[in-house]
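Alright, structures below, take your time with them.
The following pair of complexes shares a single chain, chain A, combined with chain B in the former and chain C in the latter.
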Partner chain A sequence: MGGKGQTLALRISGGIVAIVLLLGVIAPFIGYDPVADVDYEAQLLGPSWAHVFGTDGQGRDVAIRLVKGTEAFFLPGLLAAAIAVIGGALAGAVAGYLQGIGRSVVLGGLQLLDTLPRLVFIILLCTIMNPSITLIAGVAGLLFVPAIATVIRRKVEALGSEDYILAHVAHGFSPARILLYHILWLQCRPLLIRQATFVFGYVLFVETALSYLGDYGVQEPSPSWGNMVAQTRDLAGQAPWPWLFPALAIVVTIAAFLSFGNLLARRDEEAIR
Partner chain B sequence: MTAPLLSVRGLVIEFDTAQGRRRVVDGISFELGEGEVLGILGESGSGKTVSTLAVMGLVEGNPGVVGGEVTLRNGAESLALFEGLEGVIKRRAGKPDRKNVRRWQRMVSRRMRPLWGEMMTAVFQNPRHSLDPLLTIGVQVEESIALAERSLDRAGRRARAVEWLDRVQMSDPERVYRSYAHELSGGMCQRAMIAVALARAPRILVADEPTTGLDTTVRAEIVGLFEDLLADRRRSMLYISHDIREVLHLSDRVIVMRHGRIVEEATAEDLRAGRGERDPYTASLLAAAELGEAL
Partner chain C sequence: MRAVPLILAALRRLAGSAGLLIGASFIIYMTVRLAPGDAVDAISPMGTPPEVKAQLAAEFGLDRDPVTGYFAWLARSAVGDFGESLVFSPGESVMAVALPAFKRTVLLSGLTLLAALVLGLGLAILLGEPGPRQQVLTAPAYVLTAAPSFVVAVLFAQGMNWFVQAFVEQGGYETPPWFPIPIYSESLMPYVFAGFAMLAGDGLFMDWFNTLRAELLSLKQAQFITAVRAKGARTVGHIARNLVVPVLSGFSARLPLVLGSVVIVEYIFTLDGAGYVLLEASRARDFPMVVGLSVLFTATIIVVSLIADLVRALIDPREVARGG
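Coming up: the complex of A and B.
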């Protein structure tokens, strides 16, 4: 029922999401040598035409590091979102459709996964085995499977007693078609979009948190938004720029992903009704 | 008449309720011939809907079908739907045996799967809820066509879908093709549902109270539509209703159900003409119908 305000919010958050995804796609093709970029003549400069977002404590350009920093979470975020959504949708559909032992096994597995506290488990994983960000993202995606599966399972169970699903069965549609197309794709898509953007935002949050903590995540001199903030936080009093822009990028991007997912899902849900 | 398409022998259906096990269908038998319209008449709770669901292998619940046999004949092949399943449901009174009920349902579904749609399909009451809310009517008719006529390409399916919408007497088939269920009236939804079901080209159409909840004029239109669509008698129909006038109008033969039993079986002609000895319940229904016409 948001009307114009909601459409505007959807456009703004969608625009930011699009920009971040675009940067994530082109970043690997931008040649950047973080060591060569060091310039002690140009430390902590404010924004200018030469350095749009200023420079950091070692004279490196903040703008280009922000763009390159998207590499740290882009593919891992997509991976985590894909694992969470596909795994959650299938597990939820199976648990909602099956009966008997199959259902109990899937539900038990999901409950077991669900007992793990996400961030604590990821940090624990880091202390034990120094994993790559891709592995961390994969684990993060897996940890979201139970939450998504639960929502999908409820939806599948509720739809199972709908007249039109009974009618589909009577018309001779295959169970796979009913489950995957009519239920998962048509009915659960808004839910899955919301969850996918949430997981992507969460991976960005985890990546920045780990890089900020320092010992885990992306290591200097490679840029990540988290380690950019971490490095320059003590210099914030002298020059806010090198700290402010990455911090803003983190906040704005996570907020944009979450609200874009929510708004898009809400619009779709209104369409369903 | 040749061998019937569908024959039901001694069907018994029971459900567990809070008050213990209840027998809702008590040993009914009937047959449906090729091209025949059989009306099943009864008030709500008489077991008519659950019997027809059982015939389609769609009855759920605990324990469900506990006895009898349903035989479907598709050309030379014949399928005894419940054959060999007598042992699967344990009939311990008051003790639900969910595992066996599920096993039973799985086995029946497996047997029925190749026949659903092709051999028989259904039109239910509450047409708006029988259509997928997220697909346009056109796409839903096309889904049926895609299964019934696999050789058609996309354009062919579209043309056939519009043709079907025209055949169910939609005033503007092109517009309905693009509409969603919530944009149509109840009567139009039921026409759309009939198009979806018939596009699947079933040999038997089960119509379970298809006019319930519709306005009087719309009911008459839907009954007229069934009459037109079945005029060539190329398919058979089970027409389930509590309205004796609808049943008499459409059917060749009528069975009357009460409390899970068949109390009367007669040709519609005999009933209309008032020939023969009638069960008191049927007689009261006929009297009520006459009164309704007089009013």
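Coming up: the complex of A and C.
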């Protein structure tokens, strides 16, 4: 399936992912003072050589704020992806390996986490304690553990009866070694990569949604893609540029992360087969 | 006797759901207790009079240790008493405000999921087997529908404004007298657009479409369908009956996602639903309101998945036999 088109899509989405990650790495080293950038003589300009993506309602350069805005979700996204993938893989492997009471306990705990509606719970958290974006991302990662654990558990259960796994057991390998190396590392990597990109995309989504909807997420004057869209939405009719570029950045980045994960996983699955 | 194991399975699921409800409400309650500093000060809006604070503390059992406090709160919540709204509509009981709003939200989410199902199934039947040509076709659609629901909703809200304006300039659209329901009405329009925004956003539709297509394909290639075809019988009924179980699972599995995006979409279209109330209450730090709605959202997910489970057990005896 796929062939040329798939390779091209993989390259395009991979390129976008690489650019966003690169921006996330270099953004902290760019000196940027959001207050000094305010220029009331250059409000809401269209794209030009001086301001590649135009300026916002306070005359700040949209391009540099877009680059600096990657800081808002880069580390939190990595954190959430790490929590979700490590937690999900371990919980899934344990649930797939254990039998009887232990299995029921792990499954029940996972099901419990799974019933909490993610966004509603995050809004509840925001109402109570005005959490930092890092904490929000951590909770989001935790709420993704059950989804990943389910996928991994099915895989572990399916592989558990395979001859070569039984051969490892007969050979006297420890269950931890078989679960962690032979099953999780060798067989579940594509699955985990796909889930990690998904969770990363979700953190970007939550950060943008929260700054869009309320006073949560990253606070002004620090730029985040979400608060850039939120601030300029009322002006979008008369000056579309400062709204359009961050909105496009969000859509393109989330789409790229999702499809990159999917395509990469599909290619790896084909390679394993 | 098929009935006995069926009833046993139903009871087991009921007990499981009750356990989930208690566990989830405990997590929500403990989140409240996590509030930094003095919990009552943290959760009450600025300028709350001390007697209201004392009442709040009593309602949420904040003056006791977490466990007994939780059970005191649970005993009230179990009968639907989530206290009184502080800011959003002061003095009214949370349930009186939340319940009508919640009905609208459930209706909107349910209808959206249903529309996604009908459209997805229709497209899956029309397009049939995935091939390279369709990948070219579906790739742009995939990118479009991967957009987060609030971006889609903002675009749609703008589109709705133009749409309504165009109609007003034309002098409105008259529904023909023979048509039973009004085709165009200004109060309905936001709901229709919001529904489509939720449908397109977050990849909900594309995701369901892909699942349905894969399901349909594996059914068509199944041996029993070949056997039915070999006998010369029609396969449509058999395929339809076997699609019911995955459709039900899909419905209950996607509900949490939809109940998340409905919050955002309602807010953008300012629809008077639970999501809108939740966000407004959250911004105003109307604490009892937010907790009550969070419990309602969670309970809905648990109840819907219980119903889906029971129906599945009823129509597919294998589920019961598996003891799941």
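Side notes on the structure shown:
One rule holds for everything that comes next: the second predicted complex is superposed on the first by the 273 of 273 C-alpha atoms of A that agree within 3 Å, B and C clash if a C-alpha of one lies under 4 Å from a C-alpha of the other, contacts with A are read in each partner's own complex, and residues count from 1 in each chain.
In the analysis below, a residue touches a chain if its C-beta (ideal position, glycine included) is under 8 Å from a C-beta of that chain, and two chains touch if they have at least 3 such contacts.
Note that the coordinates shown come from a computational prediction; the quantities given were computed from them, not determined experimentally.
When both complexes are superposed on chain A, chain B and chain C fit side by side without a clash. By the touch criterion defined above, A:G31 reaches neither chain B nor chain C. Residue contacts after overlaying the shared chain place A:L186 against chain B, while chain C stays out of touching range.
In the overlay built on the shared chain, the residue A:Q111 is in contact with chain C alone; chain B does not reach it. Within the superposed three-chain arrangement, the count of touched residues of chain A is higher for C, of the candidates chain B and chain C. In the superposition on chain A, A:E162 contacts chain B only, with no contact to chain C.
The superposed three-chain arrangement places the nearest Cα atoms of chain B and chain C 13 Å from each other.
On chain A, the patch touched by chain B and the patch touched by chain C do not overlap at any residue. Interface residues of chain C facing chain A in the complex, by the touch rule stated above, are 19-20, 23-24, 27-28, 31-32, 34-36, 42-43, 130, 132, 135-136, 139, 142-143, 146-148, 150-151, 154, 158, 203, 256, 259-261, 263-264, 267, 278-279, 281-283, 285, 287, 290-291, 293-294, 297-298, 301-302, 305. Interface residues of chain B, counted against chain A in their complex, comprise 56, 58, 99, 102, 113, 115-118, 120-122, 124, 126, 129-135, 143-144, 147, 193, 196-197, 200, 206. Per the touch definition, chain A reaches chain C in the complex via residues 1-3, 5-6, 9, 108, 111-112, 114-121, 123-129, 205, 208-209, 212-215, 229, 233, 236, 247, 250-251, 254-255, 258-259. Taken in their complex, chain A has these residues touching chain B: 99-100, 162-164, 166-174, 182, 186-187, 272.
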